[in-house]
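Quick one: the structure is below, and I'll ask about it shortly.
Note that the chains take the letters A, B, C and D in the order they are written out, and that residue 1 is the start of every chain.
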Amino acid sequence: MTERPYSTSAYREAARTLAATGRRLYRHGWSPATSSNYSQRLNAGHAAITRSGRDKGLLQETDIMVVDLDGRPVGDGKPSAETLLHTGLYRRDPAIGAVLHTHSHAATVLTMHWPADHVTLEGYELLKALDGIDTHESRLTIPVFDNSQDIAALAADVDRQLDAGRITHAYLIRGHGLYTWAADMPACYRQLEALETLLAVELDRRRLG
Amino acid sequence: MTERPYSTSAYREAARTLAATGRRLYRHGWSPATSSNYSQRLNAGHAAITRSGRDKGLLQETDIMVVDLDGRPVGDGKPSAETLLHTGLYRRDPAIGAVLHTHSHAATVLTMHWPADHVTLEGYELLKALDGIDTHESRLTIPVFDNSQDIAALAADVDRQLDAGRITHAYLIRGHGLYTWAADMPACYRQLEALETLLAVELDRRRLG
Amino acid sequence: MTERPYSTSAYREAARTLAATGRRLYRHGWSPATSSNYSQRLNAGHAAITRSGRDKGLLQETDIMVVDLDGRPVGDGKPSAETLLHTGLYRRDPAIGAVLHTHSHAATVLTMHWPADHVTLEGYELLKALDGIDTHESRLTIPVFDNSQDIAALAADVDRQLDAGRITHAYLIRGHGLYTWAADMPACYRQLEALETLLAVELDRRRLG
Amino acid sequence: MTERPYSTSAYREAARTLAATGRRLYRHGWSPATSSNYSQRLNAGHAAITRSGRDKGLLQETDIMVVDLDGRPVGDGKPSAETLLHTGLYRRDPAIGAVLHTHSHAATVLTMHWPADHVTLEGYELLKALDGIDTHESRLTIPVFDNSQDIAALAADVDRQLDAGRITHAYLIRGHGLYTWAADMPACYRQLEALETLLAVELDRRRLG
């Protein structure tokens, strides 16, 4: 019998956390129609991630599986099509413990209606929910990547922009959604909730002209 | 004792599924005030469908009944007034296993405020939630039919447009709502959630001018 | 021991129904901050109604009391300040079995932002949720009364407009909210949900210009 | 063994109330991303308050702690960074029994999009949910303070404006949120719900132009 390359109890805890987090994000309306994917690091070489095409409003522990950091499945099943966007982050930074990706209304409208390659958030108290930001007198630039079905190419592009220091906490994909990451899931969830809230504020302010 | 022309266990499973689906659609706000109707195929000649006038937020298995594919009730009770729009789809395509119809805010505003005979959705990642679409570089045209209380005539009109290949995944009825269908209920629910989400995006983009 | 002038079991059923209805209306966001009041007829001379100032999101059976049709409490406690707007309806029409009043965002904005003395809803399928309307080719005129803290005077004014046939299913009070009524609570709830949904649609269409 | 300077049962009741109130405010969308803080007076010299950085959607009794009215923790842990804005209110007015602070969309947009130093609410029935207001023919002025990370300075500024009679029921902090207070938690919650509802109405009316 082959031993698993990760701790079963760490996997179970990650699966419980990811399923509960997904149901919560769905209730916010940020993960409709089986969209979105979520992951949590298990160890130096593996992460738990949502399987492809699961209904996030009904997410269960059995909807979670394990991949190595090249995005290859460990065990049965097909991981999210965007697995490489998660594993690329875990591979480049051992301090990253959780990655969340959502498909919100605000992120979709902001990136489809305006052709800009970034969205800027500035002056909000809620920016303090982001790691390393301790005053509202901050400006966060969120790069917008054009959407692509070539996830490996998109992951490489994200990697280059991270190398260049042009991405700090999050990025957007046009007409698609938001990626953010942090040391653990509570920090990552907090960051995602702050960003989605502020993107909706930003959209409403643009609506006001 | 006459035998039922369908399997009791298939009916029970369909009734459970339809009731749970309806309560979920109500929570999204897409089925207010006893509006909307939902169905699931039982076999080559029958479908389970919501009874007329039931509160979708409180939908129970007893709110579901059986009709044949001419829309005639099998057993007691009165099926949804729009039954023919469901059975017409099952009759023309044996691959259709589920049909959902909702009355959302976005569908109502988009079809009442603009006189156009279609709504186009293009460039969204979420289009991939629709059967047979595998890239955001897709364009979906959703025809808009004028509303009518003559459901048989409306069903015949829909049938003709389907024959002509002018309807792929869904259609709208003006001031009324959305119809969509798929091989089974999970696919149909996913498709409906994607379409309602994108109709709200489309409405917001038009609001932005 | 004085006998109660109404059936205890009818009262208990009404209290359960009113409490459940109120919690549901609160979840829709239509009854914030202890606003709103709801009633159900018990017999020819009495109705169950919400007590004054109760939190509708936490509404319990003990938050319901009995009044006669002149609005006088039967038993302890203080009924809603707007009791006369309920009892006036029960007194004039024995066919009325339930009255609902809500304070929604759409009703408030529509009546505060525009000085008109009515709101018109026309051409919507959802109008069929209203008693006696069986086609979307209908036009509903909802009168708007200016707000007043003199509830007896407002009730008399409503009565006169009902006498004159200028009110059919519902009326609005400016900056305040909607009143509607029906033969029983399911019909009244259905009607309220349709009206609130359509007021939000109407507001959004005016927003679109 | 040192005795606690407050009643254990009062503390437990306050912790239960604050946790339930926080989860409720989160469900309204007014306390995202660990933002917001809530408190309840225990006695002449102490209050129970939310610990720093807790997820309001998951708020538990263990997320509540005790501070004296100079904002110093009694027992372990770190209270909310904005504790002085709560204790300043309890210190100046023995009739204040509860303080709520939220971070809503409407409060953020209204104070970021317009540079005004106040927001006015006038003519709404829902103003009657505020202590001491008994007619819709009222005008409430809510001062807007510029945001600051120097909470002691901000608390002193609020204190001066209260001394000058320029604040009655509530104030806003720009890009940050709303503070309101009352004799007890039910009154404070009612007041907060009314204010947040009316701020959303006010924002929508400005959107209508």
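One rule holds in what follows: a residue touches a chain if its C-beta (ideal position, glycine included) is under 8 Å from a C-beta of that chain, and two chains touch if they have at least 3 such contacts.
As the structure is a prediction and not an experimental result, all values here were calculated from the model.
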| item | value |
| --- | --- |
| Contacts common to chain A and chain D (chain labels) | none |
| Centre-to-centre distance between chain D and chain C (centres being mean Cα positions), rounded to whole Å | 32 |
| Chain A and chain C: spacing of chain centres that average the CA atoms, whole Å | 45 |
| Per-residue multi-chain contacts in chain D, two or more chains | 207 |
| Each pair of chains that touches, named by its two labels | A-B, A-D, B-C, C-D |
| Partner chain C, residues of chain D touching it in the complex | 24, 123-126, 129, 134-137, 186, 189-191, 193-194, 197, 200-201, 204-205, 207-208 |
| Footprint of chain D on chain C - complex, ascending | 32-35, 55, 57, 103, 105, 108-109, 112-113, 147, 149, 173, 175-177, 206-207 |
